[in-house]
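I am attaching a structure below and will ask some questions about it afterwards.
Order as written gives the chain letters A, B, C and D; numbering starts at 1 within each chain.
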Amino acid sequence: MSEQYPALVVIGPLLCALLVSVAGWLRPRLCLPLAIVGLGIAAAASTGLLAQVLATGPVSYRLGGWAPPWGIVYYVDNLSAVVAALVSWVALFNLAASYRTAMTDYPEKIGPFYTLYVLAVTGMLGMVVTGDAFNLYVLLEITSLTGYALIGLAGGRAPLASLNYLFLGTIGASFYLLGVGYLYIVTGSLNMADLAKLLTPLYGSLALLAAFAITLVGLWMKMAFFPLHAWLPNAYGFAPAPAASLLAPLMTKVMVYVMIRVMISVFTVEFILQEVALSQFVVWLAVAAMVAGALMALGQRDLKRMLAYIVVAEVGYMVGGAWLGNKMAMTGAILHIINDAVMTFCVFLAAGCIYQKTRGTAFEDLQGLFKKMPWTMTALAAGALAMIGVPPFCGFFSKWYLIRGGLEAGHWGFVGALLFSSLVNVVLFFRIFEIAFFEPMSHGHGGHGGHGEQAKAIALTEAPLSMLLPLLAAALGLVALGLATGPLVEKIILPIIPAGLG
Amino acid sequence: MEEYIPLFLTKYNYWVYITLMMIGLWAMIAKNNLVKKIVGMNIFQTAIILFYVSIGAKYGATIPILQHGSGHGHEAAVHAADYINPLPHVLMLTAIVVSVATLGVALALVIKIHQRHRTLEEDEILEQLRES
Amino acid sequence: MHSITPLLAVLVSLAAVPFIILCRKRPNARESVTFIAAGIKLLLVASLLPLVMAGKEVGITLATVLPGAPLALKVDAFGLLFALVSSSLWIVTSAYSIGYMRGLDEHSQTRYFCFFAVALSATIGVAFSANLFTMYLFYEMLSLATYPLVTHHQDPEARSSGRKYLFYIMGTSIALALPAMIIAYQQAGTLAFSPAGFLAGKVSPVMAGVLLFMFIFGFAKAGIMPVHSWLPAAMVAPTPVSALLHAVAVVKVGAFSILRIITGVFGVDLLKGLDLGMAVAWVAAFTIIVASLIALSQDGLKRRLAFSTIGQLSYIVLGLALLSPKGMTGGTLHIAMHAFGKITLFMCAGAIFVATGKKNISDMTGIGKRMPWTMAAFLVGSLSVIGLPPTGGFISKWYLALGCLQAGSVALLVVLLVSSLLNAAYFLPIVYRAYFKPPVEAAWAEGRNEGPAAAWVPPLVTAACSLVLFFYPQPFLRLAQMAVASLFGG
Amino acid sequence: MKALALAIVALVGGLLISATVDFPDWGDPASPASLHVSPHYVEKTMEETSVPNIVTAVLADYRGFDTMFETTVVFTAGVACFLLLRRREPRPGPSRVYRHRATGVIVEMSQPPDTEPAPEVFKRIDDDWTPHDLIVMNVCRLLIPFIQLFGLYVIAHGHHSPGGGFQGGVILGASVILLALSWDLRTATTRMKETATGLMSATGVFIYAGVGALALAMGGNFLDYAALSPILMVDPVAARSLGIFFVEVGVGLAVMATMVLIYRNLASEGHLDQGL
């Protein structure tokens, strides 16, 4: 069975998504168990895959039994295995955490909702394990389409935000497709490993540079890299809570993974460092992303939107780290993919818990929450500390590597921007904590609201256990991940950093 | 100027696709009506399809469907040069499907937007959002 | 030597937190949990004393998080001295907290005791850290655990003070200490404290200077000017918090961090070679004088104490920066001596507030009639902080003065003497007013009424300790001497 | 906005055009794309899969995994439209329009009736009244079976001629949509129930993925149709050809159902009562 793990990672959830859809028409009560089974298979298989890859080295799997480059292969190394495990576990936890919200908000559409949920995860997992450039495009579109639908599901401004996301996302994906086409036209291959081999003699050609540029811009659009981030805050800010806590932690991170994969496995670092020579420019863009994301987050008056802008800044961390051009920074970028996924999940899930109880995440809705929802707020604080970068929470350690990378590259702008964004995070989160700590529903007796306000104050209690347990697990995971940094870097990340990086 | 003319004549397929693509992109950015933007998006995607399909072309080759009997056993062997490249066609079948699917979802979103705002002009929608 | 005791000593107060929460409905049970934890902690710390006295180093490595900078604990004489002071004073403060919090009927006492326990864990963690990374971790943990304590009253004043507190403490540690630590790691490849300093021979003079000042201002808990103003702001906290945290734990963690920076990161030889010790000493001297002058003008008793603390912290830094054996012994010893003196003063201030509701010195005229014992403790505490016999403060000041001479700097000796005069000038008038002027409130003349015993007995205990320490300054003096000898012996 | 758009378009277009200098000429038989991977397909397809239509073979076998997800994309779009638009509650709006079958008189009820009038007497028609066009209705009614037959042929004959699951599925879907256009949406919905459509859409993809999973269960890799030869009782190459056929059927089913699903939800804004 173990040699089939790469297939199971994707096939398990796919088949279950279809069964969920059938159950949605016939027996809606079965939807949730089936979805859990699907993601459970994915989580188990990806964990097994990770163990296997760590034990025996990279695994490749020929779909349909065809050898590359004629058929499609899955190629799983440490990086893809660990990201796949991350994606599947986060998705599983979020599913467990968000079923109540889904049940109360969309009782009639449980079937389609879970179908799309599981399909989105399928797409992400496929993108992570695939070794074929075109296959990646198809899976990217599955994830995107499900994302548009899940975001547009909420009322209010969500459909417009989702449509904007769709426009930019489609341009991004099309650019990626075009980039793959350019690569195909100059090499005749679609397999990543084969491409890397065939591209070496072509260094210096204009077509290759254009292919690289287009692919990269396409991916940047999908990951909301500054200044192509415009879609993200609205899309994640207005999305329904269960979708936001699925997509915000995973989608951008998977796209960063894809960028790193394309950079190191298709174009190779030699090409990027010597032929493209855009590192300085891109790192400065990343600096701009961090600073702009932090500043725009300061201007928000809503928890979810604020978090969405923080995601924009975090993308800057990872892209900057990947482009600094040394081992430390690349380690930091990869480590941050893992850490950021868990901490973004933690804070968005906490926002979801708050929404479940207060039906809003504007700053006024947060008053007195430390009293009313102590556990949720504890988890939010844990996520916040991870984002600020306080040890032993995991965010500290990826920042550690990123800063070291920045110092090694002598890029003071990057180091400064990282510290600046950490400091702004302190302000951002403690502003929220101040509201939740110091404003105990005080304006109830201020005249407006009166009894209604009072009733709300009494009715507010801790989020249901089904949401709280995954949330606390995520919060604990932040510490566990932080303490596991040593082995994580040593055993998983360092072996896959290409030797070409200085 | 002289040297550009053969460049244009031998590679006109790329010029056509780029022109189409830019028309689509322009519509997506500059048009005010959401449905027009979607039309632009479709033109944009179609341009890429055209690009891919044009890669597959080969002078003197026919469609990639083998004649009855060829390829079996010792009969006349199949030469790749006689058939156009099938791979771009396969890929574009996927891209077409994706663009149809995207179109469907986009239209569904547009309907939801119309239900709320009663208009599809972007400036009017933004106006409404500013007022609220 | 490998041992789990240091880890237990750190964790025991953390482990008390769930029990404190469980007992939130029964205050007596809740407070007994605190006492039990405090007792166990003191025993654990004390059990390390013979080992350390015998010259052994006890340690444990928990997790190799970063190569060369694992999460590791190590007990040496410096750390044990600090841990001994804070864990013994925790017991006294716990008793005092009960008197104070119940006497004032404060809200959210469970939260208060929880975070107090967490803060103590972090303090011991800093004391026992084997490397800079571990110390930074506990340092930040302490910053965060004390935030809810400082802002305990949850009113607008607490809010703005909390903001200031975070701005200075978190801001400096992220903006200065963290990059300095990473640069140091980049240069040396390790962060483990070593008697010769792990940066010795690894950095250029300019970089050493820059890093040193990044560290000194980055660990803003030490209150070196200009990053001192969080401390007066933090006085909005309930008095037990000010007493233990802002006279002992938090501020001493700052001073202790600088101790580690000087002794473990840079090393005496490196600093001497680059003449950086004197630079730090003068920054500290400046802080001493200015803080004492400001203290003179403060009418709020706690604010006056806060500025006094800022000055006294710089004594510690000054002593260490002298880089002479006597001076460093004095600085280290001052951690303990000042702790006993200043906590007495703070607890007296709190006892007065509980009994009479007075916060300002000008309102306390004649209070000696009403609260003679409290004011007696206050007098002893003042003497200790000023550095007069027969109190422990005299011993550390004596060593500091000897250190100045040993380092050959008469100017710094003059600073010390001037500041002692200033200390006397802002403390003794309080005692004089209390005993020798007619009471401002008629009720005070009627006789002794010192409020709840739990509020005024603890300062007497710590005052007595101060007196005892003059005659028998062990084990602190021995530890300080051993610690300093380890720096110069090798 | 227009200036910005023009600038972006000029920039991107310039970049793209400048890259074409290094590209092979149009129709160049010696281009890398024609020389590297594709010759294998052209020359070996017959031998390895015994399917003369190379596009079909590459689509459903060599790159069959892509195609499975392509079908999933279609399915996803169907589910997404349903999720976004479908509404159970009846369409708001005061009036309903009926045609008296015997006389052709149009009746508008200002309030929606509690019980529908007998359908053989009164036939409900759309709000935006469409003329009762006998020719269109009957021609379409006659044509639809032939269209569907042709759709089936296109699916089944995809091995030998242009065609396959997607093309055939779209034709089949179009036949149902034609019925909705020429008659009305309600008629089309009674002929092909909503639940059945939804189930068919999922079943189609399930057939595809199921064939792949069956191969996996038989000890081959996922989608390795050759592993199915023991059950199909043919040699591995023929099993590939048959496997391709099975998945094409699945594709056809999924595409047909999803096209109908998307059309219905878009046309009726999710109410499924009336529309284009």
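By our rule, contacts are C-beta pairs under 8 Å (C-beta built on N, C-alpha and C of every residue); 3 or more make two chains touch, one makes a residue touch a chain.
Predicted model only: the values in this text are computed from it and were never measured.
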Pair sharing more residue contacts (C-beta pairs) when A-C is set against B-D: B-D
Distance from subunit D to subunit C - Cα centre to Cα centre, in angstrom: 75
Between subunit C and subunit A, distance of the C-alpha-averaged centres to the nearest whole Å: 43
Centre distance in Å when subunit B and subunit D are each reduced to the mean of their C-alpha atoms: 18
Centre-of-Cα separation between subunit B and subunit A, whole angstrom: 29
Per-residue multi-chain contacts in subunit B, two or more chains: 25, 55, 87-88, 91, 94, 98, 101-102, 105, 108-109, 112
Multi-chain contact residues (two or more partners), subunit D: 16, 20-21, 23, 31, 33-34, 37-38, 41, 63, 66, 70, 73, 76-77, 80, 84
Multi-partner residues of subunit A (each touching 2 or more other chains): 134, 138, 141, 145, 148-149, 152, 159, 178, 184-185, 190
Chain-level touch network, classified as line, ring, star, complete or other: other
Footprint of subunit D on subunit A - complex, ascending: 4, 7, 11, 14-15, 18-19, 21-22, 24-26, 61-66, 69-72, 108-109, 112-113, 115-116, 119, 122, 126, 132, 134-135, 138-139, 141-142, 145-146, 148-149, 152-153, 159, 178, 182, 184-190, 198, 205-211, 213-214
Subunit D contact footprint on subunit B (complex, rising order): 7, 10-15, 18-19, 21-22, 25-26, 29-30, 54-61, 63-68, 70-72, 77-83, 85-91, 93-94, 97-98, 100-102, 104-105, 107-109, 111-112, 115
In the complex, subunit A residues that touch subunit C: 385, 388-392, 397, 400, 403-404, 407-408, 415, 419, 422-423, 426, 430, 434, 437-438, 440, 482-486, 490
In the complex with subunit A, residue positions of subunit B that touch it: 25, 28, 34, 37, 41, 44-45, 48, 51-52, 55, 87-88, 91, 94-95, 98, 101-102, 105-106, 108-110, 112-113, 116, 125, 129
Residues of subunit D defined as touching subunit A within the complex: 15-16, 18-24, 31-38, 40-41, 61-66, 69-70, 72-73, 75-77, 79-80, 82-84, 86, 88, 195, 198-199, 201-203, 205-206, 209-210, 212-213, 216, 220-227
